[in-house]
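Next up: some structures, all given as structure tokens.
Common to both upcoming complexes is subunit A, partnered first by subunit B, then by subunit C.
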Partner chain A sequence: MSLLEVNNLRVHFHDAAPDRFAVDGVSFSMEKGDILGLVGESGTGKTVTSMCIAGLLPRWKADTEGSITLDGTEIFDCTQEELNKILGREMSVVFQEPMTSFNPVYRIGRQVGESLYVHERGLSRAEKKDRVLKAMKKAGLQEPQEVYRKYPHELSGGMLQRAMIAAAIVTSPKLLIADEITTALDVTIQARILDQLKKLNRESGMAILFISHDLHVVNRLCKSVIVMQRGKIVESGRTEDVFSSPQHAYTKQLVAAIPSRGRFDE
Partner chain B sequence: MGKKKKINGYLLTGGILSALLTAVIVTGFFWTPYSTTAMNAKEKMQPPSLAHFFGTDNFGRDVFSRVMQGAGTSFLIAILVVLIGCSAGILIGSLCGYFGGTADLILMRICDTITAFPAILLALVIISIAGSNVSNIILALGILFIPSFARVVRIQYAGIRDLNYIKSARLAGVGTGRILYSHILPNTIPILVPAMTIGFNNAVLAEASMSFLGIGIQPPQASLGSMLKDSQNYLTSAPWYALGSGFMIVLMILAFSLLSEGFQQSNR
Partner chain C sequence: MKLVLKKTASLIITLFIVSLLAFLAFQIIPGDPTTKILGTNASPEKVQALRAQLGLDRPVLLRYWDWLVSFLKGDFGTSYNYLRPVGSLLADKLPVTIALTLLSFVMTVVISIPLGILAGRVRSQAADHAGVVLNQVIMAVPPFFFGILSCYLFGIVLKWFQPGNYISLSDSVAGGISYLLLPALSLALPRIAMTVRMLRGSIREELTHNYVYTAQARGMSPGKILIRHVLKNAMIPVVTFLAVSAAEIMTGTIIIEQVFTIPGIGRLLVSSIGNRDFPVVQAIVVLLAAWIMIVNFIADMLNHWMDPRLAGM
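Presenting the complex of A and B:
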């Protein structure tokens, strides 16, 4: 049994034309320890797919078909309470925009440990703090003791993004969905975060679904990749194969649009 | 070079005045210079002096002592009214703002309907039905204050519910109750505190108006509104009587208005 199985996922927003599907027949699976890249231009259905996997797409907003199972649990059949038990424990999600993803009134330490408060209530305050500090260190935050006491406005974008990763991994989830997490960051910070994700994947076997429109970043991190266009999967396979010899016209366009192709071959 | 922090004059003045007033009022609960109910025919209508700061009334009672007690009554009533209005307003406003939908529409229209009627008139109706005593006055005014708090809270919740940090909390598996009252509520405080101080002022005014009309605090218990009403007949012969209670109402409103403005300025 795969860790994550997405079968024939279709999403139709209520305010869209009847024949316009945001996600149209998407199927893929992930095993433990996989790093799968989901690429495509903006508006192609990558984030909608991730929202469906996380059970975040409100039913009043869109109709969904197909099935998504995480470790054998059908996400679409889950009640909100059941979903709350999965989110933050079995599966964590990190979005872009780190500057706005932390509550401005609470210190970073408290917010990184929120999943522990929800899912592991038996932990003492000291144990919780210890786990939070370890997660911060794993996410590549220098001086976690300092960061623990800071408020979000006192940290840079790169530090906040790493704090978000710390919040996502504090409960050691089986799957991490990283949606455009390096988009707003400069190249050096991007590289450090990618290295950190690779390290986490290597050490804990945590599967990562990495969503991005930046092929260079995907090439650097992901073992396999799925290319999406207008809600459909147009190509998938091992990252090296897809980027070195793209088959679909759209993938060829995407690869050709990369300004420094030479780096892919390094 | 560090920038010199600008002093918030409103907050400072309002804070000092409110602290002084609160000290006078709290003292009034335990001690007053003279008895507030004992009559003294010999001391009737005495002008302000060192023995009686605000003079005496038509029954020879010390106006300052009665103002201390009356202000305390108004203060307690206003605080309880704000507590009732604010708690219920937070509950209704948070649910309406966070979930929206039909329940939001219905509850907000009920709030509109309550707001459309003059508060004193509605309070008068409630008290006529339930009877005139302190707990009924508090309850009536408290109910009438719910819509103003519910509206402020609803707007805040509707604005915050879709922000990324709330999405992050949901993604961490946080339940709705904790999101409502642990994640969103603290972010509404900068708006809620000025609303509470404005509500406090309105409650002081409403209680004084009701007592002035004779449907509030009943004699012999001192109330700023009823003292103002009684003093009307002696405006020319003993103006200090009206001035004492009037001055206290103005001072209470002024102090908490300055405090409210100060909070609003510090949030900008």
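Presenting the complex of A and C:
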């Protein structure tokens, strides 16, 4: 049984035209320890797909069809309470904007440890703090004790994104959904974050679904890749194969459009 | 600590300026207290003698300085009209006004915050629209009108209390407080409506922020997200608004005390303005200004505690 199985996923927003699907028949699977890239231009349905997997797409906003199973649990059949037990424990999500993803009025330490507050109520304060500090270290934050006491506005974008990753891994989830997490960061910080994600994947076997429109970044991190266009998967396979010899016209366009004229820096 | 000292210094300077303006204002506005005391037919000699007795013939700034020094020592001067120390006059009236203000402010906070949270969470459009309309109606009606209506309904029709028959707090605390309930509610109602509207808007705005989705992604229930994340952020502008409300409630007592015949400083202020009883008016104006500034000082401190981003400002 795969860790994540997405079968024939279709999403239709209530305010869209009847024949316009944000996600249209998307199917793929991920095994434990996989790093899968989901690429495509803005508006191709990458984030909507990830929101469906995480059960975060409001049901009053869109109709969904198909099936998503995480470790055998059908996400679409879950009640909100059941979903809340999975989110932050079995599956974590990191969003694009680290500055706004943190609550500005609470300290970083408290927010990084929030999944422990939700899912592991039995832990003492000291145990929680210890787990938070360890997660911060794993996410590549230097001086975690210092960062623990800081407020979001006192940290740089790179540090905040690492803190977001720490918050996502504090419960050792099986799947991490990283939605454009390096987009708002400069190239040096991007590289460090990607290295950290690789290390986490190697050490803990945590699967990563990495969503990005930056092909360089995906090439550097992901073992396999899915290319989406207008809500559909147009190409998928090993990252190296897809980017070195793209088959679909859209993938060819994407590869050709990157600034280094289709060549990837290693 | 540095912030507290800075704010305290600013509070003292502002109070000084307000006291000076209050003092100067009564030297400029028309009307002479000696005419009020002696009548319009008094001889110029008598008027001159009384002016000298009251110290009104001395230079204004000198008089201000003497007044300020005495005020700081707790001596607010002597009422021209009652010929009693202003301090003793206020000692009778001030507790009533303070009780009325505090009661009304507590009502505003206790009623508006749960209602604001409820209004911020309500999903039904019909319920939301009904709430907005009701809110607007309550906001549009001035407190004195609520006062008149409640005097008629609860006093004359239902006979739950006897309008004008105020029970002194020193005679019976429970009796005094129960008499103050309706005037306090009349003062609080428009403030409640405004606070509910503000908190509703603030919560709805906060719910659209990314940190809410992050909390959802950690498996937090909507109720916990509201209490643990949204409320503190949503309350930041509301705290400032509540401080303004506390100040306005205090000044609002001046009229509502007339409606319910409550012997607070409101009635004393109105009669003292009419009688050109400057020492009384000056003392009340400065005390009101002090209240407004202290409440704003507390709100500033609360906001700094609630929003760490303000620490660097």
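Keep this in mind: the second predicted complex is superposed on the first by the 261 of 266 C-alpha atoms of A that agree within 3 Å, B and C clash if a C-alpha of one lies under 4 Å from a C-alpha of the other, contacts with A are read in each partner's own complex, and residues count from 1 in each chain.
By definition in this document, a contact is a pair of C-beta atoms (placed from the backbone, for glycine too) under 8 Å apart; a residue touches a chain by one contact, two chains touch by 3 or more.
These numbers come from a predicted model, not from an experiment.
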| item | value |
| --- | --- |
| Overlay on subunit A: subunit C relative to subunit B, clash or fit | clash |
| Subunit B versus subunit C as contact partner of A:114, first or second or both or neither | both |
| Partner chain in contact with A:87 - subunit B first, subunit C second, else both or neither | both |
| Contacts of A:56 with subunit B and subunit C, given as first, second, both or neither | both |
| Subunit B versus subunit C as contact partner of A:231, first or second or both or neither | neither |
| A:153 touches, of subunit B and subunit C: first, second, both or neither? | second |
| Touched partner set for A:101, first subunit B, second subunit C, both or neither | both |
| Residues of subunit A that lie at the interface with subunit B and also at the interface with subunit C | 54, 56, 80-81, 83-89, 92-93, 95, 97, 100-106, 114-115, 118-119, 164, 167 |
| Subunit A partner contacts - residues on subunit C that touch it in the complex | 209-211, 213-221, 224, 229, 232-233, 236, 306-309 |
| Residues of subunit A that touch subunit C when the two form their complex | 54, 56, 80-81, 83-89, 92-93, 95, 97, 100-106, 114-115, 118-119, 151, 153, 164, 167 |
| In the complex, subunit A residues that touch subunit B | 54, 56, 80-81, 83-89, 92-93, 95, 97, 100-106, 111, 114-115, 118-119, 164, 167 |
| Subunit A partner contacts - residues on subunit B that touch it in the complex | 163-165, 167-176, 178, 183, 186-187 |
